[in-house]
Structure formats: structure tokens, C-alpha cells
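What follows are several structures.
Shared between the two complexes below is subunit A, which pairs with subunit B and subunit C, respectively.
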Partner chain A sequence: MNGLLQLRNAQAVRADSVPRLSVEEFREAVICAVEGGARLSAMFGRPAEGNRLLVTAVLANDPDGTLQACSTVVDGGYDSITPDCPQAHWFEREIAEQWGVRPQGHPWLKPVRFQPPCRPAAGQPPAAERPVIGVTDFFRVEGHEIHEVAVGPVHAGVIEPGHFRFQCFGENVLHLEISLGYQHRGVERAMIGGPTARSSHYMETLAGDTTIGHATAYCQLLEALSGSHVPARAEVLRGVALELERVANHVGDLGALAGDVGFLPTLSYCGRIRGDVLNLTAMLCGNRFGRGMVRPGGVGFDMDSARVEELLKRLAVIAKDTAISANLLWDTPSVQARFEGAGTVSRELAEQIGLVGPAARACGLERDIQNHHPSGIYRFAHIPLSGWDSGDVFARAYVRWLEIQRSLAFVSEQLRSLPEDVVMASPSSPAGNRFAVSMVEGWRGEICHVAVTDDRGRLAAYKVADPSFHNWFGLACALRNQPISDFPLCNKSFNLSYCGHDL
Partner chain B sequence: MTQILVNILLPLILAPLLLGVINRTKAVLAGRTGQPLLQLYFDLWKLLHKGAVYSRTTSWVFRAGPMVGLAAILTASAIVPLGETSAPLHFAGDLILLAYLLGLARFFTVIAALDTGSAFEGMGASREVTFSALAEPAFLLGLAALARLTDNLSLTGILGGLTWHTWAASAPELAMAAAAMLIVFLAENARIPVDDPNTHLELTMIHEVMVLDHSGPDFAFILYGSSVKMWVLGAILVQAVLPASSAGYEARLAICLAGMFALAVLVGVIESVMARLRMIRVPQLLVAAIAFSLLAIILVLRRP
Partner chain C sequence: MIKILLSRLQQGHRTTKYPAGPPPELPDRFRGRVKIDFARCPMACRQCQQACPTAALQKAEGSFGGSSAARMRIDLGKCLFCTDCAAACPHGAVTHDKDYRLTTRKREDLIVCDEPPRPACPLDKPLLRILGRSLRLRQVSAGGCNACEADSNVLGTIGWDIGRFGMQFVASPRHADGLLITGPVSDNMKLALEKTWQAVPAPKIVIAVGACAISGGPYAGHAEVHDGAASVVPVDLFIPGCPPHPLTILDGLLKLLGMARRISEI
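Presenting the complex of A and B:
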């Protein structure tokens, strides 16, 4: 089909089976696929022979549950895909920044992370020419009563660094530009040559609140590359940990949303309940954020029946408390007055810019890796997709509440029927010259990891696309023509990761 | 003499406790232990022992802001009687002076904020003057209604002249004036639903964002000034709602103090059960307060 390689989530193929198209064919293929309803899940470059760049695109076709991949070799400049396919917008900026190629005709070619170029052959630019983080030509609205507000990178709360530049007309935001990169650590580069003993830890700390999500995506990828099999019991425990992570974060978000509108009861209750859920994860593996739980080949810790009993008992209490606390939000008119109509993203816009996760589902889009590209336990146990269609803060909050209920039901159902098995298969190392894509629906949305191995089975390229990478631009769009005083609320309703974006 | 001393000193001593009561109420309703009742006193003590940091872009206006603000509010507190006795400072028309002293304090807070040149503080200043332009008429018209009702132009006379008989004879007018005063009280003291005193989000603040750059003793002045301001506005509201002029002085004072802390509990309850208004809706609330005051005045003027 149109010259693209078809594959499935967590399936490895020969690296050379990814077709190399000409730049023209590549553009055409990506644009046609996206027009036909596919999503651009990842796009990344890696060095090719002759100091050129091999650009690979991974497209997700949700309705039939397949992925597509294709690549092209570019040299210096090429015609940008973005004007015809806005989803490529951030990816092309990233590639241009990392590899020094120029997407001609890109409407917004600015750095995304201000990182120094990766290509060693091109040589490092002198210190004076290296990008300085946060220094770029921000878009400016000119006019008599226009004023500019700069927020961050140091914020008043204990949150991660990011810079926000608002162009305001009175209290109204005309334009918001988000400038990130303060958390860039070079995780993708550190993975090359691996996997090593450190790789799992890099993945777990990629975005601290998505430890299980990223670790699962990484392990799934490694297992695909090495063709190893994960015991059924480990698959279930991974699912349980992933859903507990989702519940903890969603509950925390509902509380924080309440806090941003000054509604104390839900803020206080949800803050406590989030801790209780994190403690359940600690019952699984001894760490509240799930560090050390998911490991290549299975999970690091098993559950005994006494602990399962205790966990189920606590889960029932949590379900009851969360229901009381969340329903306070929907039953309080003053809260609904703040949530409804704030930061609306239309379905068309969400589709165009490629939103993922709860933010996309709140716009009426059906995007859920667990449903469309299931892997692990989700191939056998389906969680219904939770959606809403108003696209505002209320929708994003309500989708979270729906997901909390379904995840809690899933966890208790799975724990009651834990298959008897070992939890760790004997490890095997990745095969040589393989290409694989691994996707997981983390609590924030689609987590996509792509890896290519060299002929000795070491990682030659590793690409991580955190959901935040797709969604930050959605936040900027949601703020158009909104009062600036609603920014914290809109921001919280997306709750994106800075370090997940910056890698 | 004792009455005057009590009238001067009690607000100065007890004002920070009001905030403690509000915070304790909120904590209890949220199932938390909460900060100590005397937290604001500790904070003031701590801040007074710190140095202040001044930005190079600021001028004397920035340093004068907190001092003028506190001085104006302390003077205002001398106009308000406590326990329906004679205030230390009273004359016909002193309620106008009260409104303008509060206005002066606000004016200096606003220009000190603008003096920093920060985008946040500019936004806060703009919001503060927009909302107070609506809160002030509601406050003055409400006082005017009370003044007409008691045929007196001094706060001492007005609050002393309100009795249970006035309430029995003109409950609707008084209730509407009191409702307007309660809204003004919440707005002027930066409480929910108008402002959120607990938020750390600069973009949503009104009052707090204007004082972000003040530190040390200056900030102590500002915190203390706002607590006394809360006392001043609260004392007017409480004594209008709880007229006790038939009882003896001690009883009146006790009723007044009990009323003040009941008001603090009420504010805590309001903050615990509702969210903040969207900022573009705040003017509607304040216009509602103006409408209440106007209706009160119209009803009072139409009385035979």
C-alpha cells in the first residue's frame, strides 16, 4: 500500500525493510496517509552514509490498528511537510535543530529545545553560535494597547521550568508562545550503543510521573527486538501498575484543577487520595512511582495473595472517596462556571495538530492506543474508550474522571484473576538490524518509542515521543482569545510534562 | 478614656487574628489541621526582622507605598467605632474621609506596583483599580443609605443610631445595604469569590500580585495593613447587622467582637464551599452590590 511498510505495535521487522523513498515520494506518502486519517506518531533523523540524514516517519492508522513506516535521505534542505501536514510542525523543527537540515517553507522554524546539533560530522559550532536557551525571536503583536507578559522559566509553584510568552490585549490573550528545553538531558543520545544496565533507569526517569508508561514502552520495544516472550502474570502486573499510575495522576489533576479555581474541598481530598494511590504502587514494587517495577522480560516484583487482598481492600476505599471528591466538582455550579467553555479546542484543530491522550478524547476524537493498537494485557482485557466532545477544561477534567472509574474497575478485575506464572522470562539480547515501534497509552496519552539496532544488536537510534511533544502546541492554541487569568487552569487541564518533552 | 483606648488598640491587636480564624475554618472544613491561629503574628515578627530588597528600577514611590498605605488604614481604623461607642475620631461626614483614606491606601499600593515596571504588577494594578471603581460606589451608596436612615453623617452616629427598632421598621433596606457591604468586604479584602488569597499563580491574582516585589518590613506593613483594613470594613458590617445599643458598653463590645469572629468564620465557610469567579464575571458581582445599595437608598428615600 502506497509504498509504506506495514507493521504492528511492538513488532520488529528487518531494518532494511523500511522503504527508502525519494524526498518527493516521502512527502507525498506522509501527507496522503495523514489526509487519509493516519497520525504522525514519530518522525526522527539519524545519520546516513555520506554525511546525509535518514529521516524516518512512523504513522499510526487507528481504525485498522496498523502502523506504517517509511524513510528518506535528505541532504541540506528539503521541502517542508508542515504546510500540508501541520502534525509534522514540531517534529520538523526538532529534526532541523538536531541535524542542521533545513525544511524549506516551514512556517515557524525555531528551536524546540535549544540543544546543540547532534551530527558529529558537521562539527560543533563555536560557542558564540550555539543556541542560548530561551533566546529566540518570539512572535510579537504590535499595536498601541498590546502588552507582552513573560512567565517563567522560574515559576511561583514547585513545577518544572518553561517559558511562556503572552501577547495580550487587555486581559485577552491574542497569542501564546511556549519555549521549552530547560530540562534537556540528552536521553535519546545516551541510549545509543545500549541497552546497558542504565537504560531502564533513563527510561523510568524520562518523565517522573510516567515512570511505568515509559518503562513499559521501552521494555516492550526491547522484547520485540529480541523476540522474547513476557509471562502472562507479568503482563497483568504491568497493566495494573500502568492503570494505578493513571489513576494517581488523574486524581491529582482533578485536585489541582479544583485548586486553580479556588475550590478547596476537592483540592484537599484529591491531594490525599493521590497519595493513597501512589502507596498502592508502592505495595507492588516498594516505590511510589513504580521505579524498578517494569523490567525487560517481565516485572521486577511479584505479588502474593495477602498483599493482593490488602490492595483490593484499599482500592475499594479509594474508589469510594474519589467518587465523593470528584462528584463535588460536577455538583458545584461555581466550579462548573469556571470549567465550561474555558480553553476550548475544536475537534478539527485537535485533528490537524495531532493531539493525543485525554486532551484529544475530550475533543471528541477517538484516540487510544489501548483500544486501537493494544499490546500486553490490553489485547485480552479491553477498557472502554472514555470521551467527551466539548473540548474545554470541563471535558478534559470529565474524561479523566471517566478514566479513573474504568481504570479502578480494571485493576480490581485483573488482580482477582491473576494468572499463575513466573513474572520474569529469561532475558535475551536484541537481534541485529531490526526496526521496531512500541506504543503505550500512558495517562497523558500516546507514548511512542522507536528503535533501530545495528548489525551487532546494539541500539543505533532511539526515538521517544512523549505525549507532551504532541500536546504543548495544543495548549498554545487553547489559549487564543481566552482571558490570561484562565491560563493556569487551561495549563493544568493539559498537565503536560516539561522533561518528557525536553528529553 | 478607656473606651477610646480600647477602640484604638483592640483592632490593632486583634486584626491579624481574623485571618487566623478564616484559615482555621478553611482547614477544618477541608479536614486539615491547618496553620496556627497566630500564624500572621509570627509572619509579621519574622518579616520585621528581615532586610528589604529594592529593585534598581524602582523609585521612592515604591518605598513610600507600604508606609502610606499602612498610615492611611490605621487612621481609618480610628474613625470606626467599636462596641457602638464614640470613635476616637468622629465628625459629620467622616464616612467620606474613611472611603478616601482607603482610596489613598489603594492609590499608593497601585502606583508602587506600577513603579516596578513588571508586567504582572501592571496587570494586578489594572485589575485592582477596575474592580475598586465598582466596589467604591457600592460601599459609599450603602453608607449613604444607612446615613439617611439614621439621619446622621458620622459613622459613630450611624452605627450607634441603628437599633433593633430600625431593623424592625426597615429590614429590607438594611438587609440590602448589608448584602452590598458583604460583597464589598469580600472584594476589598481579596477573598473568594473575587480573588484567591492562597493562589501562587501570578496570572490569576488581583491584590497579591501587586505586592510581589515588596519584602521584609515593607511586606509586613502591607500584610498588617490589609488585616486592619479587613477589621475596619468588617466592624462596619458587623455593627450594622448586630445593633446592640440598648445594652451596656461591655456587652456591646462583646457582641461586636463575637460578630467579628463570626464574620471570619463565615468568610472561611464561603471560601470552602465555592470556587472563585472567572475574572470577567467579577464586575457583575460588584454591579450587583451597587444595585443592592441603590435599591436600599431608593427605599430609604421613599419612606414617609
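Presenting the complex of A and C:
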């Protein structure tokens, strides 16, 4: 099929089977595939012979559950893909920032995270090129009564840092520019040469609220690279932990959304219920965020029947409490009046910019890794896709509520039918010269990890695409022509990760 | 309206009685301080040390209770309270303690052998008079992963309600009495952290929450980070964990404000 390598989620192939196309063919292939309905799930560079750059793209075809990959070698500059394929815009900026190649004709070529270049440009000392965080040419609207609002990096709430620049006409936001990178810790760079004793911990702290999601993506990738098998019981327990993570975060988000419109009952109840769900994860593994639960080869902790029973008991209480506090939102006209029509993203725009997760499903797009590219337990047990189509804050909230109910049902069902098995297979080390893609539907959406091993089986490249990487631009678009006072509400309705983006 | 009132009744009163009553129950798999049973550790094979992602375990020389065997020293400021050392030990000698009280005032107090860390003492009298009954904190995440942030933030929810003790997270450093810092201090956040600290009026305190903010955590040694808050500002309280349990954080805050005098007896 059009010269691209076909593969599936969590399947390893020979690294040299990823076709190397000419830059022209590569552009053509990516643009055609996306026009045909594929999504650009990852695009990244790594050093190639002669100080050039090997750029690899991973495309996802949701309807038939396949992935495609292709590469090209870039030398200095190339014609940007973004004008013909907007989904590529953030990836191309990232590659330009990391490797110093220039996508000519890119309409918005600015730093993504103000990180030092991964390799110094020829003839320059490495430090000379280091960008200064937050110093860039922000887009400005000029004119009478136009004013600019700058927020961050340190925000008002207990959240991570990022910088937001609003161009406003009165209360109305004409344009929002989001400038990130404050959380950059060098995760991808540190993964190279691994796996090491720290690798799992990098993955678990990549975005701490998505510990299970990223750890599962990583373990699945290592297992694919090494061709090892995961016991059925461990697959189920990974699914249970992943859905608990989804429920905890979604419940927390519903509470926070209620708080942002000043509706305190749901804010207080959901704040507390979220903690109760985190405590269930702690029942599994001792840690509220699931640290140590998912490990290469299986899971770190098994279940006994007493524990299952206690979990089921608590789950039933949580389901009831959550229903009462979530339904208050839908029953209260003053809440609905604030949710409906706020921060609307159209289906067309969502498709163009490549939104993922609940934010995409709230625009009527059917995008869900568990349904389209299932791995682990999701190959056997399906959770129906939850969607809505109004694309506004209400839709993003309501999709979360639907997902909470379905995830809770899934967890109870899986716990009742845990297969008898061990929970950990002895892991083997990755094979040499392999390429694999691993995807997981985390609570924010598609988590995509891509790895390439060298001839000794060590990681030669490791790419992480957190769902936030796709969705931050969606938030910026959602704010157009909104009152600036709705920013907290819109922001919470996306609730994106800063560290997951900044790596 | 009726529905709201009914829901209020259904949800009930949820705030923990702690510290007046017993603390909320910890999960049975809760992982506190790493303990090594030296009776089961005959050959000092050091596999735990090799497995540790952050070099939190180091050999401690000297004689211990008459035996001259080498023992392990653990740095709770580096420890991620993970499962790697326990899993690596071929003799099952490594376990985790269940004690949530891990907070110290000094960095070096987090380095222990067998004993629990020296508990945090309250602020000095003059400072306590100013901050003891009303402590407003500005939280700064400087490369944190949002787990320490979340479990600090949770203290403001009805389950923990730190407002009871006059504590609150505030929106501006200018309204704050101190900073609660999470994350290893990414290079890209260093300046913002310094400026935020400068914006807090004196007298001010700094609390470092989590392995990252204490030592860099799993990111220690990365060129992109500064290995913790103390590299930038003076730290008054160290709360270890990855992330610390909310109870560990609360215990630390209460000790700092001298409100936990009798907790050890509960």
C-alpha cells in the first residue's frame, strides 16, 4: 500500500523494513494518507549518516486498525508538510527545535519547549544555541483598544507551569498563544541507551497523573521488542488499573469544571470521590498513582479474593456517589448555561489539527485506541466508545461522565472474572535492530510510544507522544472569540498535561 | 435545589478527624521507609543497591551493634519508595515500613540506617508566632509530574481540609508566607522559581515535596534539571515520597507548625 510499512499496535518489525523514501515521496505519502483519513500519531528525527537526519512518521488508520510507518533522510532543510497537513505542525516544530533542520514554508516555526538542540549545529559550540525559555516572537494583534494578557508560567492554582498570551478586544479573546517547555526534564534523551534501572521510573513520572497509561505503553513496547508474552491475569490487571486511572481523573475534572462555574456541591463531592478512586489504585499496589504496578513482563502486584471483594464493595459506593454528584451538573440549569456553547471546537477543525481522546470524541469524531487499535485485555473485552457532538465544554464534560460509567462497569466485570495465572513473566531483553509502536488510550487520549533498537538491543531512539501534544493547539483554537473569563473553564475542559508535553 | 440538598445529606460529613483522632487508614501495601533485615542479609551481595534507580542505597561502613558487617544506608530524599530493591533481593530481606511520618527539617536527617528519620521540629518561636496560626502557601511546580502537585492540592479538599489549621494554597506569591515546591527544578523553571520566591514577603519558608524537589528524584544528574529546590532557595521542610501520601505531607505541615506534638502517641 503506497510504499508504506504496515504494522499493528504493539508489533515489532525489523528496523530496516521501515521504507526510506525520498523527501518528496515521504511528503506525498504522509499528505495522501492523512487526506485519506489517517492520523499522524508520531513524527520524530534521529541522527543518520553524515550528520543528516532520519525522520520517521507513524500514521494510524482507525477504521482498519492498522498503523503505517515510513522514513526519509533530511539534510538541512526540506519543504514543510504542515501547509498541506496541519496535523504535522507541532511535530515539525519539535523536529526543527531538536535537530536544527528547517521545514521551509512552515507557517509558525517557533520553539516547542525551548530545549537545547539534541546535537550542535556544525561549527557552533552547543551552549551558544540554547534558546531562552519564553523568549519568542509572540503573535500580536494591533489596533485601537486591543490589549494583551500574559499569564504564567506560575499560575494561580496548584497546577504545572506554562505561558499563555491572549490578544483581546475588550473581554473577547481574538487569539491565544500557548508557549510551553517549562517542565522539560530530558526524558527522551535519557531513554536512549536503555533500558536502565531508571527507565520505568521515567515512564511513570512522564505525566504523573497518567502513570499507568505511560507505563503500559512503555511495557507493551518493550514486550513487543523482546517478543515476550504477558500473562492473561496481568493483562486484566493492567486494564483495571488503567480504567481506575481514567475514572479518578475524569471524576476530578468534573469536580474542577463545577468549581470553575462556581457550583460548589459537585466540586466538593467529586474532589473527595477522586481521592477514593486513587485509594483503590493504592489498594492494588500501595501507591495512589499506581507506581510500581505495571512492569515489563506483567504487573508488580497480584490480587487475592478478599482484596477483589473489598474493591468491588468500594466500587459500588463510588459509582453511586459519582452518579449523584455528576447528575447534579446536568440537572442544574445555571451550570448548563455556562457549559453549553463555551469553547466550541468544530468537527472539521478537530479533524484537521488531529485532536485525540475525549476532546476529539466530544466533537463527534470516533477516535479511541481501545476500539480501533486494541492491545492487551482490550482485544477481548470491549468498552463502547463514548461520544457527543457539540464540541463544547458540555460535550467534553459529558463524554467524561459516559466514560466514567463504562469504565466502572468494565472494572467490576473484569475483577469478577480474573483469569487464574501468574502476574509476571520473566522479561527478556529487547532484540536488536527492531522498530515498534505502542499505543494506549489514556484518560486524555492516545498515548503513542515508538522505539528503535540498535544492533545490541539497546534503545537507539525513543519517541513519546502524549495526547497533550496533539491537543494543546485545540485549546488555543477553542478560545477564539470566547470571553477571556471563560479561559479557566475551557482550560479545565481539556485538562492537558504540561510535563507530558514538555517531556 | 431539593436535589442539591438531598445530595448534601447523602454525602455526609467527610473530613478526617486526624490529628485529633486516628489518621485515615493507609493501604496495606503502603510503602514507607525501606528496611533491611540484616539477619537475612548474610553476604552483603548488594543487589538492592544495583537495582536502585536513584542510588538511594549506599554501603555504610562501621560496626553496628557489635557486628562489623557492612550495612546499607538509605537516603529517603532520593528514594522513590518503589519496589525495585525489594524485588531484587534474593533473600527477601528488603521490606517497606508502614510509617507515614517521614518528614525532616534537615536534608541530612533523611539519610538513615535502621532508625526512622529524626522527626521534624516546629519552626523557631518568633517565626511560629507569625505563621503558626495562619500559613498561606504558593505552590510552584518546577518540573514536577503532577503527582506531588495533586496530592498536595488534595489537602484542600473536604477529606483533609487543611483550612482547619489555618493553612491554604493561595494564588499569588505576594499573598503567601512561603512556597511549596515540587519537581526537580527544571532549568526552564529556575528563573520563574527564583522570581516567585523573591515575590514572597519575608519572613518566608520553603517546603520541598517529593523526591524530585529534594534530590532530583529519577531526574537527578540530568543536564536539564537542578537536582531539587535547595539548589535555588533555602528549604525548611523536606517531605519525601514519590509522591508522598497526603498524610505524610499533612503530618509534615502540622509538625512544622507545632500542631503535631501529641501525634506520635496516637
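List of remarks:
In this text, the second predicted complex is superposed on the first by the 493 of 503 C-alpha atoms of A that agree within 3 Å, B and C clash if a C-alpha of one lies under 4 Å from a C-alpha of the other, contacts with A are read in each partner's own complex, and residues count from 1 in each chain.
One rule holds for everything that comes next: a contact is a pair of C-beta atoms (placed from the backbone, for glycine too) under 8 Å apart; a residue touches a chain by one contact, two chains touch by 3 or more.
Everything quoted here is computed from the prediction, not taken from an experiment.
Superposition note: with subunit A as the common reference, subunit B and subunit C can be accommodated side by side. In the superposed model, A:Tyr182 lies in contact with subunit C only, and not with subunit B. Counting residues of subunit A touched by each partner, subunit B versus subunit C, the larger count belongs to C.
In the superposition on chain A, contact is made by A:Tyr269 with both subunit B and subunit C.
By the touch criterion defined above, A:Ser428 lies against neither subunit B nor subunit C after alignment on the C-alpha atoms of chain A.
Shared-chain residue A:Val261: touches subunit B; no touch with subunit C. When the two structures are aligned on the shared chain, A:Asn287 is found in touch with subunit C, with no touch to subunit B. Once the two complexes are overlaid on the shared chain, A:Thr136 sits clear of subunit B and of subunit C alike.
Applying the stated contact rule after C-alpha superposition, one finds that A:Gly208 touches subunit C and leaves subunit B untouched. In the superposition on chain A, contact of A:Gly157 is made with both subunit B and subunit C. Per the superposed model, the minimal spacing between any CA atom of subunit B and any CA atom of subunit C is 5 Å. Taken together, the two complexes place residues 156-157, 265, 268-269, 272, 332 of subunit A in contact with subunit B and also with subunit C.
Chain contact summary for the complex, subunit A toward subunit B: residues 147-151, 156-157, 171, 258, 260-265, 267-269, 272, 332, 334-335, 337-338, 342, 483-489. Those residues of subunit B that touch subunit A in the shared complex are 26, 29-32, 119-120, 122-123, 127, 192-193, 196, 198-204, 271-281.
Per the touch definition, subunit C reaches subunit A in the complex via residues 3-4, 7-8, 10-11, 14, 27-31, 50-54, 80-84, 87, 96, 138-154, 156-159, 169, 171-173, 183-184, 186-189, 191-192, 196, 212, 217-219, 222-225, 242-243, 245-246. By the touch rule above, subunit A contacts subunit C in their complex via residues 113-116, 133, 153-154, 156-161, 181-186, 190, 196-198, 200-202, 205-209, 211, 265, 268-269, 271-272, 274-275, 279, 282-289, 291-292, 300-301, 321, 324-325, 327-328, 331-332, 497-499, 502.
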